[in-house]
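In the two assemblies presented below, chain A is common to both, partnered first by chain B and then by chain C.
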Partner chain A sequence: MTAPLSETGIIGAQGTLLAAPVIGFAFGWFLERGGLGSAPKLAGQFYFVDLTVFKVMFSALLTAMLGAFWLDFFGVLDLELVYIPETFVLPQAVGGALFGAGFLLGGLCPGTSCVAAAAGRLDGIAVVCGMLAGVFIFNSAFDWIAEFYASTSLGPMTLTNMLGISRGAVVAVIAIAAVAGFTIATRIEDTRS
Partner chain B sequence: MKRYSDPYFAGIGIGLVLLASYVVVGRGIGASGAFASIAAAVSASVSGATSPATAPYLQDGVRSPLKDWLVLELVGVTLGGFTSAWLAGRMRIDVERGPGIGSRQRIAAAFSGGIFMGLGAKLARGCTSGQALTGGALLSVGSWVFIVSCFATGYLLAPLARRLWR
Partner chain C sequence: MNRIHCVLGLTAAALGLGAAAADFRPAANMIVVAQTESEHDHITAIELAERIIARETGLQILDLRSLAEFEQFHIPSASHATLDEMAHRPFPRDGQIVLYSEDGTHSAQAWKLMRLRGYRNISFLREGIYEWISRVHEPRLAADATAAERDDFKRATEFSRFFGGVPLSDVPRSEVPLGYWTGSANKTSVPVKQAVEKIRRRGC
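Right, the complex of A and B next:
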């Protein structure tokens, strides 16, 4: 195993920090190239007129998921050493719902709002300011939220562990579902335009 | 003005960036975490103290958001977006909105949407980048809970917000 480079000691703390703006730059570049800096385009997903968000998001997820699976399989990347976001079922269900409502209202998500703002879109700047306000409100109300915030914790739980089936099987099911989704998305766009 | 890339081309590009992030730094990409770090640093410098809500973002006495991985990454996202928009001739000062509303209404809706997303991302411990993409590709259960809940709510409420966009 040679990767993650930060965990196997190939790059140090400085190198890790140095990689951050480079990785971010490439991420922002592709978001903008795909048109995800434009709020009406993103919001179009909710009315089935423009499914770019779905296509970009799931082709990205599929690429990273399959890449990580094969690199781990061939012993290049040790997935045990990659940080997996911890699961808190109810906070993530409620947080996801609040986020979805905000996404619909704002038409941009946190990353794409920065891209929109950087391209001169004032609505992007408004989303950025709103996000910061939301975080301040959350922090101010933390005493009341803390118990719920920490509830239904499962730790770094993966679908593989939860379902007790192999990683390859989960990856295959998601890959097939995503490809089916792409086909359906294209049909929907064709009939709506 | 150049046309946008094919969505699958952009998606595969983002997927390779995310994969590179796993390989190089052992973690995925994010966005809302950087907002949380900046907000925590601002709160701490104003009040001179940390709280249970802000302390996790200010470990080891690190008060400068510029030493935070996600903040540096989000600076990169902004520069990358700027460079791409500039080279494609898409830079312009504008308020992008649906045909049925004015600029002021759009700004108000955008700000309110941001508040909801700030609250939601804090509660869910991530957003479309840190949860949906990063955790989704790593098969995290909570990330898939977030993906389903986020988009189900968006589609469910969409008819109510129709005037904003159509």
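Right, the complex of A and C next:
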């Protein structure tokens, strides 16, 4: 049996639909347990007083990257079949800036706002309502922004293809950078506290 | 930083460095370039004809020309597909996919798209439908052909008749493209393109 299970046809579309809420629930549960349903904790990273978000997200990226690489290496996962989202430079830069501004103002990102709302926090409910309003506005205005939305397309891009180096070398560089990042983040927190 | 964090950090670093040691393969785009240069992305019309006749399981032939051109004439057992479908449509991964277009340009682009989507058993006809018509459907033999050329023509004639084509023998050497039987660079010549147009006019 080789993953990804949906691409190799092992679980099919219905299986994918069933797996999505299970993964989503687990994601939310771990976010809440990690204390990421708290807006002050999330906003703390912008003031370098609490870098939990940075450490949680980077450790998630690191775990996924190392897991994907070694599962592919041992033939359990076929990385060639994993979907890579396309790159649209300008639209994604603008989207990222909007996302960051909303994150800073609300103190929550989409995932953590759902976690906070589920925990009964009013700020979480407010951010979820704002997010849904944003989705509504985006879709209503899509015809006006469609051209910009599809501009500066570069297709699916990966660091290995951009740099022309092996996948293993990229994994090594990111792993070392992440470990260094954790160490530096912890020292910053120790200095500030 | 407590002991558990130190152990996790060191484990991650070790797995990362191990990845660099375990994977020396070049980047995926470099692999595609290497396959293109080694011509492992191509299939010849004769090879394709052999596989169709052998009723190879899982063989899927996709015609990337317009629907009107497809309906006018296509390689037997081929189905029509668009370049857009090559980027999004799922295809069975257990068999060989062969792409062809008018002259090979679109099929080469589609081949790259499919390779980047992870399809491995995929190839295309280098000179598209022209190669099929000139090599399989309407093979040509020069009046002053060598013995080796005559042997090849005999084989090609069998293919041609199988697919309902018209082999042409004893044509002037000038109407047989350079390298036609030798397998060397076979840029489809003007006479062959004219022959294709004739076939189209008779509506095969």
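Everything below uses one rule, namely that the second predicted complex is superposed on the first by the 192 of 193 C-alpha atoms of A that agree within 3 Å, B and C clash if a C-alpha of one lies under 4 Å from a C-alpha of the other, contacts with A are read in each partner's own complex, and residues count from 1 in each chain.
Going forward, contacts are C-beta pairs under 8 Å (C-beta built on N, C-alpha and C of every residue); 3 or more make two chains touch, one makes a residue touch a chain.
Values in this document were obtained by computation on a predicted structure and should not be read as measured data.
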Clash or fit (per the criteria above) of chain B with chain C on chain A: fit
Partner chain(s) touched by A:A150 [first = chain B, second = chain C, both, neither]: neither
Chain B versus chain C as contact partner of A:T160, first or second or both or neither: both
Contacts of A:L62 with chain B and chain C, given as first, second, both or neither: both
Touching partner for A:V94 - first (chain B), second (chain C), both, neither: first
Comparison of chain B and chain C by chain A residues contacted: B
First, second, both or neither for A:Y47, with chain B first and chain C second: first
Touched partner set for A:L81, first chain B, second chain C, both or neither: both
First (chain B), second (chain C), both or neither touched by A:I184: neither
Closest Cα approach, chain C to chain B, once both complexes are overlaid on chain A (Å): 7
Shared chain A surface residues [contacts with chain B and with chain C]: 59, 62, 81, 156, 158, 160, 167, 171, 174, 182
In the complex with chain C, residue positions of chain A that touch it: 8, 59, 62, 66, 69-70, 73, 78, 80-81, 156, 158, 160-161, 163-169, 171-176, 178-179, 182-183, 186
In the complex, chain C residues that touch chain A: 1, 5, 8-10, 12-13, 15-17, 19-30, 93, 116, 118, 120
Touching residues (chain side chain B, partner chain A) in the complex: 4-5, 7-29, 31-32, 35-36, 38-40, 43, 51-54, 67, 69-70, 72-85, 88, 90-98, 103, 106-155, 157-158, 161-162, 164-166
Partner chain B, residues of chain A touching it in the complex: 3-7, 11, 16-17, 19-40, 43-47, 52, 55-65, 67-68, 71, 76-77, 79, 81-89, 91-111, 113-124, 126-139, 142-143, 145-146, 149, 154, 156-160, 162, 167, 170-171, 174, 182
